[in-house]
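First chain A sits with chain B, and in the next complex the same chain sits with chain C.
== the complex of A and B ==
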């Protein structure tokens, strides 16, 4: 039922239903009027009035489906029009910034990215480059972004986009939200990268339809985004948790966070490089190539990645015991792990986690969105306040 | 504002406001009509009508305050009447069952408890004893419980009170909710003990007014209850997480859960006994007495409890990094820890947790509700559905 409550004012009900319809089309794609009516619990005349209104203002269009299914006259499909609302998504990673313009419905209309290194990673430098690229992208595509979403690998205050600590970027107390709002002249929302990865998987990836999900972000550092009972888990003051800094190996390697043996020091990119006998700062391409060649030779996996697999599994046992997800999505760099590693991790979690046993086994899968998860999540962060206004 | 939405039907609004008023009186205690009007955002005539109606049916009474404050005629206080709604609370612990009848407003009207040992811990035995005690308590106090709340130290499915695993009780797949409903002939709700401890601290203890809280339950085993953004955190299928089974010391002692070096094996009651040079199954009284004598001699604390303190702190660093609470409440047995241990744990968490640093320091305190926290939480679990019906 899309109606908020019996007796609400007609204009409130209409706005509420319009937003629900748009969100449905934006997230789940084209659909017929009849299906929309059934899914949203609205009658056909209400759907007709809403679709007609949205079509008139160019937000949706109606078309015959490309393929006919069944006999009789095919129903028209209602399609969201990408140009009706475009947002800018920015994924600030440790070694790269990726930007995209994303249209209503989730299509990426155009993208741009550049590599970061020690010198160009300074916040002022990154912000200037973002502003320049935003202008180029907008001109190229002839669009104006109505909102901006930004993903950052660090501890972020959602209310105002203050980046408290992004250790792998060497950023501390950067007022990223305020500074980007000033240069981009559009509402800017900043989120933790792992949280946005989780959001993307929940809306458009492996976690569609799952209400309790943990997304493991594996870039240079390790992070985790948690969906609990269908909504993102957030801590006090809007700060999200940092799964990468659970201590899995007391007395282990020193971590910049002040602990020893954090999950990140045991399974982050540097640890993976050590396991693969690559230099700790090997280029990402070399790491992925080495993982691919290992995947082709499963017999050597346990020799080379046995200890890595054990630490990955051990951390996930704790994550599953603490948070009770039905699904764990391994993101980013971990999508390149050989399937045999994922299988072994799944078996270990199933065997050792009493919560996993209680829920009849926790699913553990590779992210289908891969490297784009955080960019897509940043776009959705920007879309959220926009959908009610289109 | 207590009104649900503009335009709801008058009888819905009245019922909603009545429940809000009752919950306010139940949780926060007696108050004047003027304060109730201000807090609930209702006008005085609405409050008058509600209070008059509740007074007429004996649910509240109005009295002059015992102490006069300020000049002029003192305002009458509206007081919840305990007998108007009585629930039964049951706290099944590993070594004891505690039961209480709790009246509207939260007063314990009467209680009863008995010790468990290996033989009497069998589910059928416990259920029979509960039924007998329930009858005795009801007769003694001349009350009928309108609902029952049960706390169990294990993995519990909230929907139907199925206890999947309560390892320290040696219970597996016990349909406790259904079996107790049959013998007690009242609605029974079963919850995980740590979650109910968290609920009690949130409503009536150290966590009042805090929206992100972790309660650490320390009985024979270690558990954790989490309040996130003001609501209890729950995993897939209604199963709550098990903080006691995060692996803090890989390769450490074997835990019944299938892992080695769980937090519970390092800081549970048996570990505390080892640290205190007591037998692992020393009676609770002896453990508490030993902790009290240590508290009187702070210089020996770091010698005796240094390693224990380190594991407690290390686990909390992970908990704080993952969940970002503003407050951690140490419950049960841990309320007997010397203050110097709590202070040291707080300092370590503040120093090593990057999330704690981001929120400006996580408060860590002893539970003011102590051993009653879970019993109080169980009562509140039973009250929740009742408050709308009184």
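== the complex of A and C ==
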């Protein structure tokens, strides 16, 4: 990387432009040469040279747009080729592991998942199963993953993928990054699940074009990812994001983190099960089914989820006051919440939060990516270093 | 705890002198994958076909969504919201994905088909299941891989707002990698809140996706247990001997067809 005092050599400039163009195609999809030139602020002949170079190496393809607008010769549509660069995304959850091969442009080419039970939840078992499935997926699709992104519900050191604590998985100090790099023989990047969920929403979900976003997700526990001024907020070592462990109810239920009355104990999956009168270990589908049937009967929502809604709003008031997002995305299990709950939370937050009032009402929405958010985020984590090399 | 979406109580079924199902109790809960396992001839397919209305039951009670019902034919089952996906893919090769999904139930008015509406509905269904491996909903089924075909067959079940989906060995005809993709879809069905019954011979598959395991032994329900409470070995014992420790039927040696 050039220091500010040194000038950039032409080949560095070219590489920078090439990566910028590829990132634009990867995130926003097919685009005409003309619009690429306009958006990247580059000369049309520069774009032509870049696109020709990429087309020659098979990274993009060009074709005439199906719908013509305006007069004159139509600008060629540039399409990223999914097979040109494929990464593997792995989403380790408490109850299951999901994997996918994702091509350039964000297409999921193939996927697989399996449930975790007592013994299969141990790190060694999970890593072995990942290695087996990776080979199967690669063979079936006839692709080689050039990078691997992993999402883990725990406190992760970004530099080397060391999982310090993933309490719901019962993992402590697992060198996940190093161990997966050894078996998968590709660069492995490990990130916190909520942070990757936020990344996915920012690039491909509800938060496209928003620069200050908070993503709150409920799997078994509650996690939070923050995008601030367009970039992820990481904190020292990349450990930021345990929003679920802010104490909202002094003297409340005991949390495994050592505190009492964490937000997670009032709005996590277990709390939702309590509110719905399901056993706390009810399968995810049963919780979703119950929420769906509740959505069909709005009159009973406030009766059964009233307290839950109140706790969700209470925590969000603090989150919004503290981080000042323009948008809050509710992900994962929260996407199954009835719309009236989301509406009520939004109204409550606007009513009680100074910051929300000041910005004219913070938007609060359900994630359109649902269960896949963390998987997509993991893929983007793997793509980040790859785009400069393709 | 939520009520089971489908419950069978004391169901019996005979084909002539052969008593295939003996007093079967079986429950399907919304949002769960229930694996139905058993040796060849244990009655798995007969049980599924009884639920689907292909073989009406001789005696016993069927409760759907809390109400007692009688299922006398496939039409009754479909009307309740019970769909069946068979291993030999009931799809038409010469039609595309949309045509297959709406086969026999096409939408339209005044004698005209509403292709746009059907296409949108098909695409929406595939997206809701996060199926991103099928490029276009206008692809001919003949050009799809086995796994993709099974995906279409399963998506068809979702399109019709089914509440219960019965899958009779959906992966029997598939290779290892494609099997895994289909199992992934099976779990996502359950996560959408549907009740899913999966017949499978493969213990690995069963342990990967099922929330509960129901084991048939010579036409009797040997055990219905949560997956997390049992081991591979115990389930294999239940399949082959009808009993494993405290689990299973009291005197398997006296069980006869």
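We adopt the following convention: the second predicted complex is superposed on the first by the 374 of 390 C-alpha atoms of A that agree within 3 Å, B and C clash if a C-alpha of one lies under 4 Å from a C-alpha of the other, contacts with A are read in each partner's own complex, and residues count from 1 in each chain.
Note that a residue touches a chain if its C-beta (ideal position, glycine included) is under 8 Å from a C-beta of that chain, and two chains touch if they have at least 3 such contacts.
Because the structure is a prediction, the values reported are computed rather than measured.
Student: Should A:45 be classified as contacting the first partner (chain B), the second (chain C), both, or neither?
Tutor: Neither partner.
Student: Chain A residues in contact: does chain B have more, or chain C?
Tutor: Ranking chain B and chain C by residues of chain A touched puts B first.
Student: Between chain B and chain C, whom does A:323 touch in the aligned arrangement: first, second, both, or neither?
Tutor: It touches chain B, and chain C stays clear.
Student: Which holds for A:299: it touches chain B only (first), chain C only (second), both, or neither?
Tutor: The answer is neither, since A:299 touches no partner chain.
Student: Look at A:112 in the shared chain and tell me whether it touches chain B only, chain C only, both, or neither; answer first, second, both or neither.
Tutor: A:112: touches chain C, not chain B.
Student: In the overlay, answer first, second, both or neither for which of chain B and chain C A:67 touches.
Tutor: Neither: A:67 stays clear of chain B and chain C.
Student: Looking at A:140, would you say it contacts chain B, chain C, both, or neither? Reply first, second, both or neither.
Tutor: In the superposition, A:140 contacts chain C only.
Student: Both chain B and chain C touch chain A; at which residues?
Tutor: The answer is that chain A has no such residue.
Student: Give every residue of chain C touching chain A within the complex, in rising order.
Tutor: Interface residues on the chain C side: 1-2, 29-33, 130, 132-133, 175-178, 180-181, 183-184, 187-188, 190-194, 207-211, 227-228.
Student: Tell me, which parts of chain B touch chain A in their complex?
Tutor: The touching residues are 4-9, 155, 164-165, 167, 211-212, 224, 228-229, 233-237, 239-243, 245-250, 257-259, 314, 317-319, 321-326, 351-355, 357-359.
Student: Which part of chain A faces chain C closely enough to touch in the complex?
Tutor: These residues of chain A touch chain C: 96, 98, 107-115, 117-118, 120, 133, 136-137, 139-140, 277-279, 282-293, 336, 370-372.
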